[in-house]
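First chain written, first letter: the chains are A, B and C, and each begins at residue 1.
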Amino acid sequence: MTRTSTNQRTDGQHNDMATIEMIGVRKEFGATVALADLHLSIGSGELVCLLGPSGCGKTTALRLLAGFETPDAGAILVDGDDITTVPPRRRGFGMVFQEYSLFPNLTARQNIEFGLKVRRAGKAETAATVERLLTMTRLEKHASKFPHQMSGGQKQRVALARAIATQPRLLLLDEPLSALDAQVREHLREEIRRLQQQVGVTTVFVTHDQHEAMAVADRVAVMRDGVLEQIDPPRTLYSRPASAFVAGFVGTVNRVGARPEPDGWRVLGAHVPAVGEAVTGTAVVRPEQLAVQRANGTPGVFATVTGVSFLGALTRLTLDHPDEGPLVADLIGPEADGWEVGDRAIARVRADAGSVVLQ
Amino acid sequence: MVVIGHAFAPNGVPGLGAMSEAVSGPFRSPFRNSIVLSAVTAVIGGALGLLLALAVKDLTRPRWLRPGIDAWCSVASQLGGVPLAFAFVAALGTQGVVTKALDAIGIDLLGTGFSLSSLAGLVVVYLYFSIPLMFLVVMPAVAGLRETWREAATLMGASPWRYWRSVAAPLLVPPVLGGVLLLFINAFSAYATAYVLDSSGQLVPLQIRFVLQGNVITGEQDLGYALVTWTVALLAVGLAVMTLLQRRAARWAQA
Amino acid sequence: MSAPAVRRSRGGAVARWTFLGLLALFFVVPQLAMARFAFQNVPVVMLDSSTVLQGWSAHRLIEALAEPELWVSARTSVVLAALAIALNLALLMPLAVLVEVYRPRLRPLVTAVTLLPWVVPPIALVVGVAATFRQVAPWFLASPLSLVPFYALWAMPFTYRALDAGLRAVNARTLVEAARSLGASLPTVLVRVLAPAMSAAIVASAGLTGALVLGEFAFASLLLKNTLPTYLVNYQRGAPQAGMALALTVMVFTAVGMAGVVHLLRRRGLGVSTVGV
């Protein structure tokens, strides 16, 4: 196996960053097709999130990369070398699991050392690496604790340190935050991103949480029923989703009727440019693309406010529209003040909303 | 309490006479036999019970198998007693069905000196309830070995052997030792099976009965009490060690 | 050791199934052998492979069942079992509730104490208690009912653990606090709230105690009482094959009963291991 891209990092650490390719990968379990013809190409040092509902094939893809499963068809390449049949222990990858993956009979330090010892790294080198990782993950004080003495967040930091200790060519993260409290989760995902960039390791991060994916990824791959729906940077994914499924999965959406007009579409009484092709005549409008005004005797179609939730920076209104059914609108600033359930309002697409997605 | 008092004060006079007599002379051999019988049963039963647990750990295919084995083991682990002894007489006794079947294919079981009342015979019978008991004790620990540990170790470059040595074995040692001790205690105090197979046997529980039922001479009675005291002391130490080991295993299980 | 397909090698599967098969043989053969002794109307000496199909009949069992003495000792055993169950529940249920609800910190201690009967082999227990009572109240040991405290004590580890597991499964603490806040007295809580909620655990502990008592030999034999197991031993001496028929029947009944208990526990989400050991 040749290692092509060796980079000198600022912290003086050598890392082998690798490009990963999955070409036409297919995997079936009995009668179910977990993955149908997956093509995925990940650049060196990139962090790609596999995002999708449970059963979409994201975990299968990760396990295929790790080598715990063998594909029924297709190939997996690392830096152009076919590793499809290379057993997991010779792949040189690191992995963080959902939960409970630390060896309970070993301390934090011993867990981190494990891979280095298995590879017979020198004593001094092992010690230095472990110290550096303990510092990087702020675990110095917990080095001699056993897993059962640590909090969930600390355990996952140890798991992360353990996974990158052997300087893997690819880091695999299997829903590493799903078992943690909301606050710890948010904090740790920043930490994962920071570490990943510091070490520069190519990373595949599996999650079903869109916020998590959007927050950490260079690119997000949205999967559905074993098929890759779209892979793009978070911003692109949000502003130009390739399908209604993607739009719905990476945020809250309203589905409303759309009528063709010259140079665009008429949606909720406003003219909007649109992407996609109208097959069913439905537009996908995000809550923040809606403007809501009080119905002060102006003529028009009125929606009724059915709920007001104050969410800090924004206020979310739920409305009942006589033509379109339930709608969700996010308001900020003065627009958001003074709404009450039962108010009558006009909802329309903002003039500055940009394009909406058609279905 | 009364027993221990008697044991340490034969004929009302404090002294260690009875205690030392209970493990010397003619009584040395029952203790030795009982310990050997219990230890051999515990080790073999422990090993086979552990193997059984490992063998069914990730067996999902006939779906009735796991619940079936669980239920059978919880029943069989309590089957030590009169009917079990009868069953083995029917199978491996001098007129036993298996004995004859072996004879028909040219293996003379009795000719090898095997007898159900010998230590080897008792071990075979005791295994009948020891293996299921071991299975019940270690199954939670074996089932608790997570697949992710193996996968994590593998991905870090560890061979299967390395995974077993560094992770699985250390985790299984406390519950396995605890289970073996439990088997030892259980076998040591088993009475009914031994009584049916060899009522005048050279085993501690049978000897205690022997001494106490013929309790005409007062000294003999104190001797019986001394035997009991030794037995309880031995088993108490076993239980203490077992509790310690299992507490350790439970701590790991939380992680 | 790469993909699952390779990990579960063919050789491993063969070894595993051979091992399971041999163990199954070890467990089944003695029972089958006993069945042949019991239900084949063939002299023991003739029971070899050529006579496998000959003379199967239940007449020995019927013969054995006709003995009036059997029913006397069986009734003694059943009465003993019932009393032991009642005594055990009456003593341990309040104790378990007390510990679980009011003094959870005492639980490790109480659990350890309830395990003690395991360390003391039956024979030692008999010797100790007999020594005590012979001096204090010699009449006590004369009645067959004197076995009840022994059995209650001996079954304590099983009963206590089953009850403890049951209490934890139904979240007894919350239940008791809720009932008390509604004005129920403690006995009312015990009988009307906890007992129905943990009926599975109670049935299980009763079943285990019953099975143990019905099969118990050591105490009865040492104290020279006539219970079902001691009767079995004596009867089998005189009528070997009929004795086996009877023993097999008793064993099957016990096994089915215990399997039923295990099944009940499993359905209530209680593991066997939390109760049995």
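Basically, a residue touches a chain if its C-beta (ideal position, glycine included) is under 8 Å from a C-beta of that chain, and two chains touch if they have at least 3 such contacts.
Since the model is a prediction, treat every value here as computed from it, not as a measurement.
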Chain pair, most C-beta pairs within the contact cut-off: B-C
Chain whose Cα centroid lies at the greatest distance from that of chain C: A
Mean-CA-position distance for chain C and chain B (Å): 18
Computed distance of Cα centres, chain C from chain A, in Å: 55
Residue list for chain A, restricted to those that touch at least two other chains: 67-68, 87-89
Multi-partner residues of chain C (each touching 2 or more other chains): 1
Residues of chain B engaged with two or more neighbouring chains: 154, 159
Residues of chain A touching chain B in the complex: 66-68, 87-95, 97-98, 100-106, 114-115, 118-119, 146-148, 155, 162, 166
List of chain B residues in touch with chain C within their complex: 1-3, 6, 48, 51-52, 55-56, 59, 67, 70-79, 81-84, 86-92, 95-98, 100-101, 104, 127-128, 131, 133, 136-137, 139-140, 154, 159-160, 182, 185, 188-189, 191-192, 195-196, 205, 208-209, 212-213, 224-225, 228, 231-232, 235-236, 238-239, 243
In the complex with chain A, residue positions of chain B that touch it: 146, 148-149, 151-159, 162, 166-167, 170-171, 251-255
In the complex, chain C residues that touch chain B: 1, 16, 19-20, 23, 26-27, 29-34, 36-38, 44-45, 47-49, 112, 115, 118-124, 127-128, 131-132, 135, 211-212, 215-218, 221-222, 229, 232-233, 236, 243-244, 247-248, 250-251, 254-255, 258-259, 262-263, 266, 271-273, 276-277
